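The following pair of complexes shares a single chain, chain A, combined with chain B in the former and chain C in the latter.
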Partner chain A sequence: MTTDVTASAPTGASAIVFGAEVAQPPQHGKPGGIMRHLNFGTGLLTGIVMAAVAGWVTAALTPTSASNATFAPDEPEYVYLAVLIGWVIGFMLGMGAFVGPIRWLLGRDITHADAEYMAGKDLGVRRYFKFTTDHKVVGIQYLVVVMVILGFGGILAMLIRTELGVTWAEVFSPTFYNSIIGTHGIAMIIGMIVVMSGPVGNFIVPMMIGARDMAFPRLNALSLWLLVAAVVCLVSSMFVGGIQDGWSVYYPLAAQAPPGMLGYQLTIIVFAVSTAIASVNLMTTILTMRAKGMTWSRTPILVYGTFAASLMGLYAFPFFQYSQILGLTDRIWNTVFFNPVEGGSVWLYENLFWLLGHPEVYVILIPSMAVALEIMPVFLRRPLFSFNFAVAGIVGVVALSGLVWAHHMYMTGWAPAVNYPFMLSTEMISIPVGFLVLVAIGTFWRSTVWTRLPLMAIYAVVFNKMIGGVTGVYLSDVPADQYFHGSMFVVAHFHYMLMGAGLFGAMGGIAFFFPKMTGRILDERLGSIGLWTAFAGFQITFGSMFVAGLQGQPRRVLQFDDMFNISNWISTIGAYVIGLGMLIFLAAIVHSWRSGEIASSNPWGSKSLEWQTPTPVPLENFAVLPVVTERPYNYGVPDPYEAEMDKKDGDLTTVGQVGPR
Partner chain B sequence: MSTQAPEVLSPTTGESMATVGRRNTLALWLLIVADAAGTIALLISYTYLWSLNVNGGWAPPGAKLTAVETNNDIPKHMQGSFAPEWPFWAILGIVILSTAAMWWAYRSGKAGFQTALVTGSVLSLLLMLAALIGQWVQISTFPFGPSDGAYASAVIVLCASNIFHMLIVIFLLTGMVNRSRRGLINQQNHYQAQATTYYMTWVSISVLLGALVTTFFVVSPNTDPAVFGSFKQMSSSSAEVSPAPSSSPSATPSASPSDKASGKASDKAASPSPSAS
Partner chain C sequence: MTTTTPPPDAPEAPTNRPPSMHRVRDWAKRPYARSIMILTVIIGFLLLPLCWLILAAMNQSGAPASPIMEDIETTVFVFTLVSIPITAFVFAVLVYSLLGWKHVSGDEVPADESPAIRSNTIGVVLWTVVSSVLAMFLVVWGLMELASITANSYGTVSADEQPGGDQALIVNVTGQQWVWTFEYPQHGGLTSDVLYLPKDRAVYFNVTSKDVIHNFWAVELGVKIDANPGAITQTGVTPNKLGTFNVRCAELCGLHHAYMQTRIQVLEKDAFDSWARESGAGRAT
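Now for the complex of A and B:
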């Protein structure tokens, strides 16, 4: 390690930090202070205690018949809300999230020794159960949390398909069915938003740009544990009536929903804070901590994708968050934002919701496409077909993503005059998305293919993305949408986009970065079986769902006409096949993590910076910060255009080299 | 006082504090983008409902429109029902004074005047506390409650947003006072004061935007809104609760008008909500 605390006196101490002697603030007690005693267990305990106390106090203070809102909440609603707030604050308190701000307030600044303790130095496995700040630990924590979220959502998906497949009987009550529909939807959306930016964005991106950590390590941990706190709120909602109005929780249904709606609202409010913090952290890291020589033309495409997703999340998520804040005040505080009788408007909700709702699709898709483009040059041993077109595609998506939201509202009757402008903008966004697909296909063109598991996932991504994209063009069309709106066709379309492109891309990303993250190779045989089984199941499920949609089957409806039976039987069989494939892939991850083949530091022969670090990656990532001297994808014969651009950069060096800062 | 001092390094990363400060400032601007998006969501909500006057429900009770009126010409018979305008501007004035004090403190600290840094921070904190109290008094003296129409809801939530911002600023200023008093913020390491000042500037703009809409968008321009009647909420304890729907939709008869009107009551009867038991 590069640190040597040369004195431990309260004042006048100094430490050697990455080769420089740095004056240290007074050290209060042992390094880490109270953080030494805080971990996931104390977080759980404090969260449960504060939830119980908040609920008890609220129950004692709230009049029994506190029902004066238009859609009146009763006493249990206030109690449930208090329990949720108590849980979130207590959990974060018990994890140690407030220690940093309080120390700052008191003027007890963190020393280098404190920072190293909080980064998990010498803590072994315990660091994964603490408010650890090292970006690699946070990346692993994100990976586990995301797998839990997606697993939870996946189980709910199996229940949905079971209900729809067993057409001769009613498996669940209508209210419970509605509840699992809504909870599945929002759980999967949350999981997919963080599936790339969480594990890969945190673990890989700082190393990929040649940084020692994220710009704000404590904010990094904060964003993760806020996500955990939020997900508990979501799961709890299932015990108090659930989310019965789909993941979009339109009004007035949401106003009439059982108390589970509060769980949804608080989940989104907390998750939006987590997302904003994570976005700011990632963007600042990328903008200010890239290695010397890493110009924008030398910045890997995955970094662009992560940056773009963060930017979209940053400006769009607050609209979603405030839609839920206003819904919460309507419910608890008797405001009337979404109550048309008293002067509110349900269209206001729909606008606020979709102002995030559509950019969110790209928050999921762009990192997934970017990781696909990151993987391809490595396994095809050639530069990206056109780096600049890929960047243009990402920029175009970001620019247009905020201008397409109302295509979700064609059929609601809101402002019919703007339907056609939104149709135009929605169809326009297929152009930059098309850039990304074309760059992928162009990179495949006449290349030497080294087919390994990560690349297999990219085959799946490109295939699914094209089907999802083409069917999306039909849905963006106002006349066609009149028929398709609210049908299973829509469900199949967005699953092709979010799952087919998003999740399969994430599987490729995990397979690709697995050796760096765990020090072991992901079992190719088991992983491939899982991947292709899930892929086959995916086509069966959602291909059949397209047919059901074309026949006119409405979504979110428990019972349907007999004419849709065959499509639904097939979809349900396909869903079980997906589940089987995902279980096999999960088994591959668990098995490989425990006892897989030991990976070298750069098993794929990649040229980007994260692979130039040792495995396992040391705490400081790089002993000496690297200097970048070439573009990231200069494999094989140089592309003449890329070579020309390198000339313009005044640098034709072909070997990236590390050196002193 | 502006002598060149040796470069201060971050105790945790070993980087120059100037580098860390610039990074923090960038992050702050990005956070302000997110914060601003939230404020814009509130302003959109306000102006959207103001422009539509859905069901004639924009104005608080007693201020329903009877004729075509313009935005800046509130008739006398309606003046008592909307919020008085001057408190919005008074609170904005205090917030701006607080921000100005912090600007002065920051610039003084940067120039090496440590006493002025401390004094300005204290003054700024006191002014922001006054603004917070003023905001609280304003909310508690509105001539309406949150359920008295869309205007009332929107104004109260805008003011609540101001309180949220003020609480953050008070936290930051408390830290400023303590840290500048201890010398942790000084001429060489003034970046936290700078970030606080920038954030306060944004908060001032946010309060200004709120004051502008609550002053100039008061009476809805939609004087002939579509009116679709009223709605009588049936409490869950009402004796006229409609029958609970069957657990099987196939066995559920088509909803009668009374079923639809009963809204939550019937819904709750079917839900596992504790109130239904």
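Now for the complex of A and C:
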């Protein structure tokens, strides 16, 4: 084959790739071909045009009698669905997502010059607005998209707390209030799922394992732009009635929902594809592209964390996708999967949903915990305490994460007998999670603390994680859950886990990798003020929310008895403090990104591979692929206490002494 | 390193090796170990009031009003108590790490590195054993309490199949957007939108919904179960306290979910009977 290609190629059709001459297929036009003309602008344009056309055609084709018939949804439903599908396909078309397959169908192979163009070579800032395959560009794009999603969810959170703080009036209509709680929930979940796996997983992990890019660079870009398409669907639903059923959209309530529900379903269907692609890509990269010598015991813990999150995501998201596809057909074609009156089952939906729902919280948590464990050795200047235990903890969480979903259904009456095994599995998961805590405190043990922002965030993470973990034990227990289920206590608990441990860990991670990603140091002062303001506000908000839950306030309510007033007022004040802190942190990011102190290539003195590259990181990362010869986190000095002990034991006169300690 | 093995039947050679526990003892004498232990105890005692504060918050509106709620509160109390030592220890390490051990600040990568402890068998084993024992304790406790609660709420056996079922009051609870309706089949199908219950008499709830999923939460009685459309879920309780309590919907059920609440009125047996007679307009059986 190779000779064939060379023979048929025009003269000079070979490229020098890392010193090796590689035969090239014929070059059609300039490098990049049609990709030269496609960018975010053309994506938006094509998306909007296709959405408009699809909507118009559907409106014209839907017989008016269909809206009158009792068995069919209203015409706006069809139109909105067509608009969403048109948008997703049009946007991806305009971005150039289909160029690769079409090229391949035409029998045109990609040349090295094409690939370099698509990786954004010599494109400057423009490469951030294109279907760029370079993992570092994708990482930065993810970072920006994630900040937009979290900002959007954060604004909704402020609206929710405003409503709950104003106990003497309804600020929003119940319709709008219900739609903001649902949208806040799902936006934050999506944002938190990608907050570490997106920016850090794409930008850092390939460098950390000594690879030049991800295994499938074009899939990498595809996963990012699918996320963007999905998020637009989510936001659009706000304008057609919103998601009024909480982020879990239980049936049959969701069947009553306005067309906004279609926005949710399409978002999830597209997002699940994006996640699956990203997961497969990361897992393949990690499994096959680690540098020479990087055995599993020499692989940094963040790589394990990302791998675990990808694995759980790959297992969990299909359930979510199925549940929403079934929900969509229920809605559009009147199938009755979740309609109990006609033989469907609401418990079927709940099971499918929580089969996603519980692994998903670990998809969020594990990368954040892994980033924390990655940061600690660098700033404490010592190896990670008991690396094997950290790995065991992650493996344990992955193994158990798929077996605990029905603890969300203790009170549903679905199958009371299974409460016993699910209580067992749920409480067992505290053991591997406890391993991670042990590794954290073991690494803090007797360390010299380099008090920089990334490390300080980890103190916040461990603190919040303990509180979230202990309150989780109450909820895992059926008798206690009989009081706490569906109350504000649950809300406070999962915010401690997802925000307290997840988001604060992510903030630490962003501060840590900021110099490598942007070439500048994150402003220490401003960043710390933001972090600790948010932390203080966080304790006020959710500490007080625990009290509201204990008093018996149900979640997702817009009004409540006077006995809950005080805890809600405090909670709302705290929420504004969080908002302020997050704004300051955001300001630190924006300010430092534009005009921060220029970072050296390895400002933290890390021994990890990603810091051995120059900053800004060149395309393809490593001129010569590195070879790993030692375990990670090889910092530290011999333990003085150990030496003292050995001195004491030193004059042992006789037998029984085994090898060196 | 070469090791010599003594002949198996020879007496053990004299040695100046310190007792086997000497490392642990030596460890306990280190200044930081002492400090952390003291900090753990202090933080533990500071956290201890939480056991009662949590119950105080739960009891604000009159709980516990049934054996089930008492079980729940005992569980919460025990869990808080059990979590305190481990939480206190972790917090103590965090605090001591910030205040006790050495600090470096500034832009320069610190020159003095920390001791390279890659693991510590005693620490790891101790942690694993303690956390596993605690987890096992929580599981066992939870299973026992669950069995007790299941017994107190008359399990999943429907009310008419229960032994002595005729002694118990049956209430058919129906949720619909956004009201609760309570039907008393033994009192001629009497219906009410306030849940009247007799004190010290078993009550069976047959819970269902007319439209979407609701959650029947009798807060102070510690009863909570979903009201599903097209299915009847069963639970029960024996109220043991007179007073006015709350029913709230604990599952988002649409527009006015927040307002889907009503009162529970627990009455003496006679008062309940007379209420049933009056409201039932002579239809009582």
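The working rule: the second predicted complex is superposed on the first by the 618 of 661 C-alpha atoms of A that agree within 3 Å, B and C clash if a C-alpha of one lies under 4 Å from a C-alpha of the other, contacts with A are read in each partner's own complex, and residues count from 1 in each chain.
The rule we apply is simple: a residue touches a chain if its C-beta (ideal position, glycine included) is under 8 Å from a C-beta of that chain, and two chains touch if they have at least 3 such contacts.
Everything quoted here is computed from the prediction, not taken from an experiment.
Chemist: Just checking: does A:P174 make contact with chain B only, chain C only, both, or neither of them? Give me first, second, both or neither.
Modeler: both
Chemist: Considering only the touch criterion stated at the top, classify A:A60 as touching first (chain B), second (chain C), both, or neither.
Modeler: After superposition on chain A, A:A60 lies in contact with neither partner.
Chemist: Quick one: classify A:L314 as touching chain B (first), chain C (second), both or neither.
Modeler: So A:L314 only meets chain B here.
Chemist: Kindly classify A:S323 by the partners it touches after superposition: chain B alone (first), chain C alone (second), both, or neither?
Modeler: In the superposed model, A:S323 contacts chain B only, not chain C.
Chemist: Does the superposition put A:Q559 against chain B (first), chain C (second), both, or neither?
Modeler: A:Q559 sits against chain B and chain C alike.
Chemist: Quick one: is A:V125 in contact with chain B, with chain C, with both, or with neither? Answer first, second, both or neither.
Modeler: neither
Chemist: A:V341 in the overlay: touching chain B, chain C, both, or neither? Say first, second, both or neither.
Modeler: A:V341 contacts both chain B and chain C.
Chemist: Which partner chains sit in contact with A:N281 here, chain B, chain C, both or neither? Use first/second/both/neither.
Modeler: first
Chemist: Identify the partner contact of A:H112: answer first if only chain B is touched, second if only chain C is, both if each is, neither if none is.
Modeler: After superposition on chain A, A:H112 lies in contact with chain B alone.
Chemist: What is the shared patch of chain A, the residues that chain B and chain C both contact?
Modeler: Residues 174-175, 244, 252, 256, 340-341, 558-559, which sit in both footprints.
Chemist: Would you tell me which residues of chain A are touching chain B in their complex?
Modeler: Residues in contact with chain B: 15, 17-20, 22-25, 65, 67-72, 74-76, 101, 104-107, 109-112, 114-115, 170, 173-175, 212-213, 215-216, 240-241, 244, 252, 255-259, 276, 279-281, 283-284, 287-289, 314-319, 321-323, 325-326, 329-330, 333-337, 340-345, 348, 351-352, 355, 558-559.
Chemist: In the complex of these two chains, what residues of chain A are touching chain C?
Modeler: It is residues 174-175, 178, 244-246, 250, 252-253, 256, 340-341, 346-347, 380-383, 385-389, 411-413, 416-417, 419-420, 423-424, 427-428, 430-431, 434-435, 437-438, 441-442, 444-452, 459, 462-463, 466-467, 470, 473-474, 476-480, 482-483, 485-487, 547, 550-552, 554-561, 563, 603-605, 635-642, 645, 648-649, 651-660 of chain A that touch chain C.
Chemist: Sort out for me which residues of chain B touch chain A in the complex.
Modeler: 9-14, 22-23, 26-27, 30-31, 33-35, 37-38, 40-42, 44-45, 48-49, 52-58, 145-147, 149-154, 156-157, 171, 174-175, 178-179, 182, 184, 228-231, 233, 235-237, 245, 247-250, 263-264, 267-268, 270-275
Chemist: For a test of understanding, state which residues of chain C touch chain A in their complex under the given definition.
Modeler: Of all residues in chain C, those touching chain A are 1, 3-6, 13-18, 23, 26, 30, 32, 54, 57-58, 60-61, 68-69, 71-72, 75-76, 79, 83, 87, 90-91, 93-94, 97-98, 101-105, 107, 109-110, 112-120, 123-124, 127-128, 131-132, 135, 138-139, 141-143, 145-146, 148-150, 155-156, 207, 211-213, 215, 217, 219-220, 222-226, 228-231, 233-234, 246, 248-259, 261.
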